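I'd like to ask some things about the structure below.
Labels run A, B, C, D, E and F following the written order; every chain starts at residue 1.
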Amino acid sequence: MMKTAVYRKSHFNAAHRLHNPAWDSEKNQKIFGKCNNPNFHGHNYDLIVKVIGEIDPETGYVMDMKVLKDIVDEYVIERFDHKNLNLEVPEFANLNPTAENIAFVIWNILRSKINAALELTIILYETERNYVEFPA
Amino acid sequence: MMKTAVYRKSHFNAAHRLHNPAWDSEKNQKIFGKCNNPNFHGHNYDLIVKVIGEIDPETGYVMDMKVLKDIVDEYVIERFDHKNLNLEVPEFANLNPTAENIAFVIWNILRSKINAALELTIILYETERNYVEFPA
Amino acid sequence: MMKTAVYRKSHFNAAHRLHNPAWDSEKNQKIFGKCNNPNFHGHNYDLIVKVIGEIDPETGYVMDMKVLKDIVDEYVIERFDHKNLNLEVPEFANLNPTAENIAFVIWNILRSKINAALELTIILYETERNYVEFPA
Amino acid sequence: MMKTAVYRKSHFNAAHRLHNPAWDSEKNQKIFGKCNNPNFHGHNYDLIVKVIGEIDPETGYVMDMKVLKDIVDEYVIERFDHKNLNLEVPEFANLNPTAENIAFVIWNILRSKINAALELTIILYETERNYVEFPA
Amino acid sequence: MMKTAVYRKSHFNAAHRLHNPAWDSEKNQKIFGKCNNPNFHGHNYDLIVKVIGEIDPETGYVMDMKVLKDIVDEYVIERFDHKNLNLEVPEFANLNPTAENIAFVIWNILRSKINAALELTIILYETERNYVEFPA
Amino acid sequence: MMKTAVYRKSHFNAAHRLHNPAWDSEKNQKIFGKCNNPNFHGHNYDLIVKVIGEIDPETGYVMDMKVLKDIVDEYVIERFDHKNLNLEVPEFANLNPTAENIAFVIWNILRSKINAALELTIILYETERNYVEFPA
């Protein structure tokens, strides 16, 4: 039986900086440019959670989007929205909060909260022009 | 030879309600919430039809988008636009018009109208924040 | 002192039909076309509430957008979202729910809930291609 | 002679927090909520600069958009992009960086750089759902 | 009685170049840059027609949007879409097709086709980042 | 190890016409319609470059988006923007510039400029409603 994907879009606003503590300031500045600003900058992140599975014949749903929204709100939005990712989200204490790594962290958070029979993909827009997808 | 996908976006506005006649009112209300409103609600649906194939060297097209548009208009938009999906589109007489099921129905309608050598996928936006893809 | 406008965007999904009970079916069909469908159709309405006033020097706000959001949610979204405008929103019992009239009704609802020193304008998108503004 | 408006859209990403130093923590938290986070959060700001004047018959322009872009880039984007507005943009040393105040500051910066015969308006999106306009 | 604005969005794709025949090539190149390319370039223009008037109590319309659409299609889209504005639209035989002048030309075309009791404004997007409004 | 995709969106404005020199005018007109206009028409093309690979643990990047942007700007945007694709971009001297073929040409240009260990996909919007992806 062919499967169906459902997508749910959410938002959060956060501050971050890109920095590798193993490098000196010069190299951090060279690689990360203005994204290395020690005073932080920020983004309106658009988060799309994609879930793939079979349509339940009783509900017509792959997964109830209200349930998916509640999971995303509780485990991601509540913890990331209006936060400083570097200072306030423990997963980034030792991990550079690039869009790639944020998507990876969100995937790990949500993977354990969603039925393992359903495939999960995270799409994260850092800006309208830069976005990432995990896994690809 | 690597293949190319072409995408064509269309729109239709329709009313619907979500309801499983095998359940009592209480369970319908519990599962579908305000989407179960017996007086219907509605959406501006965005429909994206994706067709995959090889580029025809004579035209430079995978498929003529005007032809694709005409097929989508005749077999989907004419039948779905400004309609009540539950009451006026026979495919939903016994099928709950969730976004998943609408995408599945549209795929079935179009599959027989488009050259079988071309792969077909339906992407359907119920709102800007909720959308589905079949097959995934 | 020059004034500042603040805009807050909300959404609701609703069913409606256009109909003038003073006309016969033929004239209703002629004027309103497929929007006259007796089984209803629907839209994802985007509602933008614009409030104009002076910036409060203590807060830096014209009006707290969270307060504005709560007012819009309580008095408009709760009453219009996932509803049949013709059957379930009393303001349209004797008023045709065109985009123009919906904007006018929303303006009347909100005008009494927002400080009279602030100017109020309603912008309502029925589709991405058709929208209205009251007052203009 | 009737006038024409030209609009130019730009972007910047910045961190900020909302805070009134004349208030204690409790009141700041009550009024500004999670926007008061001392570790900052951030946004992708969309900035639209509107200039009104007569069309120059030689160029067909109200104002050369490339010149306008260069002015906005030099005096606003270079100073605001990837910055912490509270800590790094002197205009906000004693001014709360609400969207209203940011628009007002940008208007003041640009007013002296653009021909006084042209009217100037600033439209600033803090998020897709919250935006402001000065003057209104 | 306060008035209401209705907006109708349309699209056309066209080629153009910016050029002032009273100037030599060097000055045209200096002022118009790559927009002066003698081989033309092109845009997807988004055209928004705004009409202001009182709501007709019989229809609930300021103006029937289907009628407005038909007028815009017949007098603007049919004449501009998939055309070379410089070579094929007579209004630009001696007028530089900047966004400002295109908006002005469209306003002149439509002004005589729409009830004089209704105010008319043209908003024209040349790109997502550059747009104009006439009259302002 | 699961891979991550990064996407970078760019823009260019260009003129083109669709034409097969092996056909007579009548057949070109029949197949390509108004896109066959000998005076050209044009589009605002949105170009999304997708690169798939593993996240570099030192940078947190699949590929530095600034580097990707510079490659796209140098080899595609500089050569395509504000150009007549048929007359000024040599790849289309003998290749019809349909969206499919433009995407294929861009893929070939970029494939040799990007690390071969990274997968590359091109998504090209000719209009908001018509877009293509290569390879699919």
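Criterion: a residue touches a chain if its C-beta (ideal position, glycine included) is under 8 Å from a C-beta of that chain, and two chains touch if they have at least 3 such contacts.
For clarity, every value in this text was computed on a predicted model and none was experimentally measured.
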Topological distance between chain A and chain F, in contact steps: 1
Chain copies touching (chain A, chain B) - same or different residues, decided at half shared: different
A-D, B-C or A-F - pair sharing over half of the B-F contact pairs: A-F
Between chain E and chain F, centroid-to-centroid distance (C-alpha), Å: 28
Whole-Å separation of chain centres (CA-atom averages), chain A against chain E: 41
Inter-chain centre distance, chain A versus chain C - centres from mean C-alpha coordinates, in Å: 34
Interface hub residues of chain F, defined as touching at least two other chains: 128
Chain pairs that touch, as defined at the top of this document: A-B, A-D, A-F, B-C, B-F, C-D, C-E, D-E, E-F
Sites on chain C touched by chain B in the complex: 11, 13-16, 34-35, 37, 39-44, 81-84, 87-88, 127-128
Parts of chain A lying in touch with chain F, wherever the complex brings them together: 18, 20, 22, 31, 33, 95-101, 103-104, 128-136
Chain D to chain E touching residues, read off their complex: 2-10, 52, 55, 58-62, 64-66
